[in-house]
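In the two complexes that follow, subunit A is the common piece, with subunit B as its partner first and subunit C second.
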Partner chain A sequence: MMKNAFPYIGLGALLLFPLLGFSSYLMHIAILVIMWSVIGMAWNLLGGYCGQVSFGHAAFFGVGAYTAGMLYSKLGLSAWWGIPASIVVVTLVALVIGYICLRLRGPFFALATLSMGVILRITAENLVKITGGDIGIMIRERTWVEKIWYYYIILALAVMTFLVVKQVVGSKLGYYFVAIREDQDAAESLGIDTTYYKTVALCLSGVITGLAGAFYTNYMGYIDPKVVFALHDISIITIMVVMVGGAATFSGPVVGAVIMVLLAEMIRSIPKLGAAHHTFFGLLLIVIIIFLPNGIVGDFEKIRKLFRTRQEQP
Partner chain B sequence: MIKLEIFLQTLIQGLLLGGLYSLIGVGMTIIMGVMKIINLAHGELMMVAMYIAYVLFTAFQIDPYFSILIAAPVLFFLGIALQKYLINPVLRVEAIIPENQVILTVGIGMVLANLATIIFQSDYRQTPLSYASKTWYLQDYWKSSPVDLSITAPWLVTFLVAVLITLGLWFFLARTDMGKSIRATAQDSEAAMIMGVNVDRMRVITFGLGSALVGAAGCLFIPIYYIYPDIGGQFTLISFVITILGGLGSTVGAILGGLVLGLFESLTATYVGMGWAPVGRFAIFVAALVFLPGGMASLLKSKRMK
Partner chain C sequence: MLEIRNMDVFYGDVQVIWDVSFQVKPREVTALIGTNGAGKSTTLKTIAGLLRPSNGGIFFNAEDLSTVPAFQRIDRGMVLCPEARRLFIEMTVEENLDMGSLRGRAKQQRRQTKDMVYELFPRLKERRRQIAGTLSGGEQQMAAIGRGLMSLPQLMMFDEPSLGLAPILVREIFEVIRKIQADGTTVLIVEQNVKQTLAIADRAYVLEHGRLVMQGRGQDLLNDPHVKSAYLGM
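The block that comes next holds the complex of A and B.
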């Protein structure tokens, strides 16, 4: 009973959260946490359920962000049109990336997607006439000054993503994904068209990430290739969000996003440690992989046991 | 005539760069072949060796070419330590995501790059050598040559040492007992174990060897380039592209792949533009994946079959 009500209570709390009148900084953190949950859930669909570990989600994020940015800078439209437009653009990009990368398996797929992210970054840096190159794109008119509307938009996106992931994972599609993750050859021999379903997973995951990217352009008001196509600060953090929280769990990416965003803000706020935030992330990643390979949610039992045995020993 | 000259000069430059790339790629390839994992900290290990060479140069005026003798062993033991205490434990852990070890090496790379930023700041640094600008021109030796080509001393030395090390590695893998054991482990670790090869030891040694190779490459690279803490990432990608281009786990393929990549990159830099050289690198990578999924190694094999 409690378990069934929990998602609604959580949603209600999230809906009421901005009405409590928090400072704009806290709202910013909340928006970032929700945005990273969206990206984490998207990655989880591909990496956690379908087993295709992508190191290049910045490619989708960046394409989404640049779709919104270029609609504004080149066509003079509102950058909000980027949200519907990015669905089409990112799907096309995902199909191309899938065609090239999905013929590889395991770590090779991972690295191939990583290079796709880098290719897109370098392309965006060099096509100065179209993308503005290193200067980036600046959205001059902000839609709202208060953060509350951005909060509700990203929250709506997050709820939608959560429902999509839940639907997909509970359906036949989700079982195909898990079958592919567990043993691709066995799945193939059972008549699952693995390439087709991997492409579906990649497109779904990419589109959701691209939507987050388009939102990012609108919210931040400024993008450049080094930020939105960043390897460490987007692609790797995406993986960390899922790894820390727990791969192939519903709540894992949310937990991971909360921890990662808060950790990043905490480290950055300490002046001397700010430069070392990659070291902390790297060490956290190493520790998580060695001790909690299925993340905090996935290995929750392990953590609980650890505390119990400690209590029992006087 | 000028066009031909530029073309030939581009080829020479590409070949010299390719020799170095081969050395970088071979290190990753042998780790790949034996451990079946991709070491995403490969470029960062090279960065560590470059900083070792840099510190030795600024503190003791040791020529970067001689610091290979120090940096390569240091990297060998660093690689062994990483393999033994971080990667090996993870190989045994059960997890949902199968690519845990790869993600682990990303973490290692991040820590190394960030530590370098903290220690050395993100400045671009160089080791100014006395013979850095020494250049040989073809027309000085062959007066009636229709084209004038040049080659600078550090590039030539780098290329020759890289070739020497690669030949040494080939000799080690082909002729020595340990080299044969390593190749046996790469081919079929279980069969190798039955034949009495200490597979675990071979894995550790291979990781050290791969690290030492890329460490040597770092020392060779420093006289012709500059260093900054984030330099590693791009070399990780380069060595991965070479690994794919050469055919997974094939040493000869990696050497050829390195040369091809060097040539191709040099050609894109000359004829398309400097900024596009990295795109050229990936264009050839994508082309290799789509048209030649087995890499150079599959070409070699099909020739042998005929």
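The block that comes next holds the complex of A and C.
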């Protein structure tokens, strides 16, 4: 009974959160946490459930962001149209990336996706006439000044993503994904068209990440290739969000997003050392892989046991 | 039922199967034997479609399989029980069995087939809600065989089913394979456990360095001086 009610209580709390009159800085952090949850859940579908580890999710994020940005800068439309439009654009990009990368397995797939993110960044930097190059795209008319509306929009996207992931993972599709993760050859010989289902996973994961990118353009009001196609600030953080929280768990990406966003903010505010926040993330990743390979949610039992034994030996 | 004609298989530039031809006759147990690295598993993987032959053809019920992708071959009625079980270790036993019957007739008859599998392996029924990775080696092999049977195959291919099992379990697995054949399923088996394999094989082929060097009825090969000295240590 309590367990069934928990998601609703959580959702209620999230809905009420902005009404409590927090500072706009706190609202900004909350929006970032939710946005990273969305990206983490998207990555988790492909990397956690289907076992295809992508080091290039910035490609999808950036394409989503640029779809929104270019609709504004080139066609004079509201950047909000980027949200529906990025579904189409990112699907096409995901199909191309999938066609190239999904014939590779394991680390080779990871490396190929890594290169995709970099290729798209360099492309965006150099197609000055289309993308604006390094100058980026600035959205001059912001829709709202208050953050509350952005909060509710990204929250709606997160709830939708959560429901989609839950639906997919519980369906036949989810079992196919897990079968592919566990043993691709066995899955193939049992009649699963692994190439097709891996493509489905990649498209779903990419599109959701792209939606987050389109939201980012609208929210931040400014994008440039180095930010939205960033390897370290997008692709790697995406993986960290899921690894810290717990791959192939429902709540892992959310937990991971909370920790990573707060940690990033905290470390950046340390004088002098702040610039080295990537080094801290690297160390954190090592610690997580050694002690909690299934993430905080996946290895929650381990953490609980640790605290319990400590209490027993005062 | 299955015919391999002049098959060559390469890993990159390295040729591992040289001009191999053999046949599997319906309702028989056919065995491929040989040492490590002789190309037995490669042959099976190629038949299952996980590898592509560079020359030669694979014909199943007179159909050329060269354009049939691996995931469709199960619909044709062949299934591979891969080496080292290859279960989906984080799924339960029952989920693993369900994964064997994803398509067509096998899916419609899932319930009945599952009952049959549980009858063949009562242990699996007891453990049907258990995560496959926590089963013992023998139970995992049973689950893998059960998963194969779930597809209602005409031809079942076993890649080293005795690998890593205690002798008593090996005997049990071979008995099951015998039973599967007696129920009308054709069996193609690859093994290093030469003695027991030849004992149940109607027909056997010996692979050495990727080439077929000998063939005959299982009993005849058991008494062959070359097989005796090279594989049975007698």
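Note that in this section the second predicted complex is superposed on the first by the 313 of 314 C-alpha atoms of A that agree within 3 Å, B and C clash if a C-alpha of one lies under 4 Å from a C-alpha of the other, contacts with A are read in each partner's own complex, and residues count from 1 in each chain.
One rule holds in what follows: a contact is a pair of C-beta atoms (placed from the backbone, for glycine too) under 8 Å apart; a residue touches a chain by one contact, two chains touch by 3 or more.
What you see is a predicted model; the values in this text were computed from it and never measured.
**Student:** Which of the two partners, first being subunit B and second being subunit C, lies in contact with A:Gly191: first, second, both, or neither?
**Tutor:** second
**Student:** Subunit A residues in contact: does subunit B have more, or subunit C?
**Tutor:** Comparing subunit B with subunit C, the partner touching more subunit A residues is B.
**Student:** Is A:Leu262 touching anything from subunit B or subunit C once the two structures are fitted on A? First, second, both or neither.
**Tutor:** A:Leu262 contacts neither subunit B nor subunit C.
**Student:** Which of the two partners, first being subunit B and second being subunit C, lies in contact with A:Ala5: first, second, both, or neither?
**Tutor:** neither
**Student:** In the superposed arrangement, which partner chain does A:Tyr175 touch: subunit B (first), subunit C (second), both, or neither?
**Tutor:** It touches subunit C, and subunit B stays clear.
**Student:** If we overlay the two complexes on their shared chain A, which of subunit B and subunit C does A:Asp183 touch? Say first, second, both or neither.
**Tutor:** In the superposed model, A:Asp183 contacts subunit C only, not subunit B.
**Student:** Mind pulling up the subunit A residues that touch subunit C in the complex?
**Tutor:** Subunit A residues touching subunit C: 175, 178-179, 182-183, 185-194.
**Student:** Note which residues of subunit C are touching subunit A in the complex, please.
**Tutor:** Touch residues, subunit C against subunit A: 45, 48-50, 69-75, 79-80, 82, 86-91, 95, 98-100, 102-103, 147, 151.
**Student:** Could you please specify the touching residues of subunit B with respect to subunit A in the complex?
**Tutor:** Per the stated touch rule, the residues are 37-38, 40, 86, 89-90, 93-100, 102-104, 106-111, 113-115, 117-118, 233, 237, 240-241, 244, 248, 273, 275-276, 278-279, 282, 285-286, 289-290, 293.
**Student:** Give every residue of subunit A touching subunit B within the complex, in rising order.
**Tutor:** The contact residues of subunit A facing subunit B are 47-48, 51, 53, 55, 100-101, 103-104, 106-108, 110-112, 114-115, 118-119, 122-123, 125-126, 181, 231-232, 236, 239, 243, 247-248, 275-279, 281-286, 289-290, 293-294, 298.
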